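Below are structures written as structure tokens.
Okay, so chain A shows up in both of these, paired with chain B first and chain C after.
The block that comes next holds the complex of A and B.
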């Protein structure tokens, strides 16, 4: 095998010798099956011998014809065919062989990808994931062309700086919102292809969001300040040890927070261009929140010990509520929001009244998401239900 | 062929606009649409075309799709109504 690797095209110069040696050793020590299959195939080619085993249909689910619905051919349509739509409660295939293909007989000849660690359906499935995927494709938009950039007009300096600061903050958030599905996407086995497909759209959505907020900031002045406190909260989301906990922290809580901001966009945005940006991002964000809530619902419903699952979610909430508190005490977020809601720096106090409503709105929306997922957080919520602005005064 | 009966399912005002219901609606029926010019991107079910198949309610993450026969007509409750207060505040502040 190592001979064949040496015969390949030169590898990039930046690859260190030690890493390359480790990579080669892995093939020598652990990938004998590949070498055996390759040797068999090379020999067959030399003999001029056909296999044609791939035409055998005895073990295949062959002869069915998937029928499109009037919406086209969706995953739901093809999953109606027996054997193709059966999702395992726990994945046992850790390679790339598609669900429904003839693969049992090749199991021992195929690699095992150790990074596929999210194996339980109830850790990732959501009843609405297929329709959300269709919606994501139908609602895709282009941050280059679908925003009327040539109609952007600079606002008065205080409002422009507030808008730019909000865009800076949202860009930070959208980075982690993209990294999170990217981190987990490749840990999900192929048998859950519908979830992987949806997460791919989420990743694209977040790329578009960081793009649109970056472009908006740079269209009239530039980016402003990073939010160090919130960086820690974002890191806590990204480093969540399980997909379910991360989904709670990101989709239900973090994206829920952003959804609340976007839903307030009609009052925050000062121009039709900014309103259009918020409106478009809102519909994407709603899908991510929707997936998160339904995934938690699935987690509780599919857990062998429902009460234990709910207690686990409360532990997620204990961390997650610190994320909320961090966001809503971060001056790089609430002050520009207050300036925008109030209508200018000199109306910032009035704007803080608006923030009080945004806080109440967010907390209530968050508690409703928990309730819809299947657990009541209201009595155990660790952060104030009312905005504590000036409470110590 | 004309529909024999009126649809009973409807979406209350707490819809968050995720659209999970839209693509659950059988394509030939296509009774669920985004409300035009609604900033919050909410959806509505057309009772004239809804066939009461009941596929959409379980997919809603905020439980805002109701069967009028069972629940009557409700405006929606819970956290997603809290935006009303912000909107009222903003209107008064103008």
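The block that comes next holds the complex of A and C.
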């Protein structure tokens, strides 16, 4: 049987032609160092010749005995060892060679990862970051097993829909709260390993939050409406120009707001299941807020051009606060909250009074957190200090 | 009422002995604390209108790692040195503890620590700065379970 050429299926195009070609060109043509290393290694292996250079300790910080503290061996414990705990003010190692290892003599043969762009310690360090890392590991919980899911019970329709809508909002929010640290985690060089470790726990926390709210929604009804107001607020966080600015917007303002919502959620929960969910989540969120406040404090305190840095932050906040406000004014957030606070759709007006109270409390807490970090936003805050519900009526 | 409560003389609330008993229960249940994780803070629980004269009493619990390592009744001035204080009337604390007892260790929905403190009344959270008040949130489940353990105690309210 013959087949005409025009009836044949075309050969599949290369799936990732451009990307693969670029990678091949880089490693076959552009980079020479790895090929030289490989040739040297192969030659030594063929000769059956040992190097044993890795046993030389002349340049090493060798012979140390890190002592665990009562809770085990923490980063704080090993950082007491001279030469291991000294974080550079400015990172100069842009590969994977660990801080404290013998690495200087190999520098010229090692790759440089151009994506490691957060090089200033004061763009990421926080005094409490090691404590928060240990705490995050110790206080982790499991959204599959630690919530009494078998006690989930259906609520009256208005309360169930309000709960599901709140869960939809929170599921949406938790994604960016994970994507933001993920984006920057990859930009941070290895010398700041403690911060990278903490951000990894934040990622895990946010995965768990996304998981628990999705499960809660689907356990009784399902997800309801995503909202443009949420999306713009989240995009503004993800696209913040620097790590400190984004951390401010996410951890201090955004997660401060989410912490208030979790606390309100625990208060207005109509079942023990929901209370447990919110209580567990608010603990994690308070850790993220604490990192944000201390990171901001460290940034401002350590900045060589302090006044200019503060002014730049104000300029960023003038936009950031307003974009975050698009989420906090979304009917898809404040209305379900008001229904839950009031106790039903019939009582939504009373619920709005509750929101008025929570709003003022939240803004005050936000301004106090800024102040605690050395950033006086009180006279510059663009978010109304009082909930303007019905102000124009 | 639990078997323990039946066999133990009732403890007066508020008293140092009462908070020491709660600390003892927490420390006896280390496996649960290890599940919940570290709790590192100094908390003061203040009871206003604690007697007929309207006195306020302050109880300071020092939590470290998985344990309550110290329990003291302190002065108002000493109380301010704690990371945070949770303050409410005897009637508020009593209603909460009775709810926990009635629920065999689980308070009614409107009797959790966060419910009572979220709006600043009837329990009020006081801290020198937001980082300190965030400790109350960071350890909220542990603090809730610290009080939930009171269902194992026979409680007397003398105020």
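As a convention for this text, the second predicted complex is superposed on the first by the 373 of 393 C-alpha atoms of A that agree within 3 Å, B and C clash if a C-alpha of one lies under 4 Å from a C-alpha of the other, contacts with A are read in each partner's own complex, and residues count from 1 in each chain.
Keep in mind that, in the parts below, a residue touches a chain if its C-beta (ideal position, glycine included) is under 8 Å from a C-beta of that chain, and two chains touch if they have at least 3 such contacts.
Not measured: the values here are computed from a predicted model.
> Let's test your reading of the overlay: on chain A, do chain B and chain C clash or fit side by side?
clash
> Mind working out whether A:270 is in touch with chain B, chain C, both or neither, as first, second, both or neither?
In the superposition, A:270 contacts chain C only.
> Looking at A:127, would you say it contacts chain B, chain C, both, or neither? Reply first, second, both or neither.
first
> Tell me which partner A:259 touches in the superposition: chain B (first), chain C (second), both or neither.
A:259: touches chain B and chain C.
> One more residue to check, A:74. First (chain B), second (chain C), both or neither?
First partner only, chain B.
> On chain A, which partner's contacts cover more residues, chain B's or chain C's?
B
> Where does A:349 make contact in the superposed view: on chain B (first), on chain C (second), on both, or on neither?
A:349: touches no partner chain.
> Give one of first, second, both or neither to describe whether A:135 is in contact with chain B, with chain C, with both, or with none.
Touch status of A:135: both partners.
> Touching A:287 in the superposition: chain B (first), chain C (second), both, neither?
both
> For chain A, give the residues common to its interface with chain B and its interface with chain C.
Correct list for chain A: 70-71, 128, 131, 134-135, 138-139, 259, 263-264, 266-267, 275, 279, 282-283, 286-287, 289-290, 293-294, 357-358, 361, 365, 368-369, 372.
> For chain B, which residues are in contact with chain A within the complex?
Against chain A, the touching part of chain B is residues 16-24, 26-28, 30, 39-41, 58-63, 78-83, 85-87, 89-90, 93.
> Looking at the complex, which residues from chain C come into contact with chain A?
36-38, 40, 65, 106, 109, 112, 114-115, 118-120, 129-131, 134-135, 137-141, 144
> Which residues of chain A touch chain B once you look at their complex with the stated criterion?
Against chain B, the touching part of chain A is residues 69-72, 74, 127-128, 130-132, 134-135, 138-139, 259, 263-267, 275, 279, 282-283, 286-287, 289-291, 293-294, 341-343, 350, 353-354, 357-358, 360-361, 363-369, 371-372.
> Under the definition above, what is the set of chain A residues touching chain C in their complex?
70-71, 128, 131, 134-135, 138-140, 259, 263-264, 266-267, 269-272, 275, 279-280, 282-283, 285-287, 289-290, 293-294, 357-358, 361, 365, 368-369, 372
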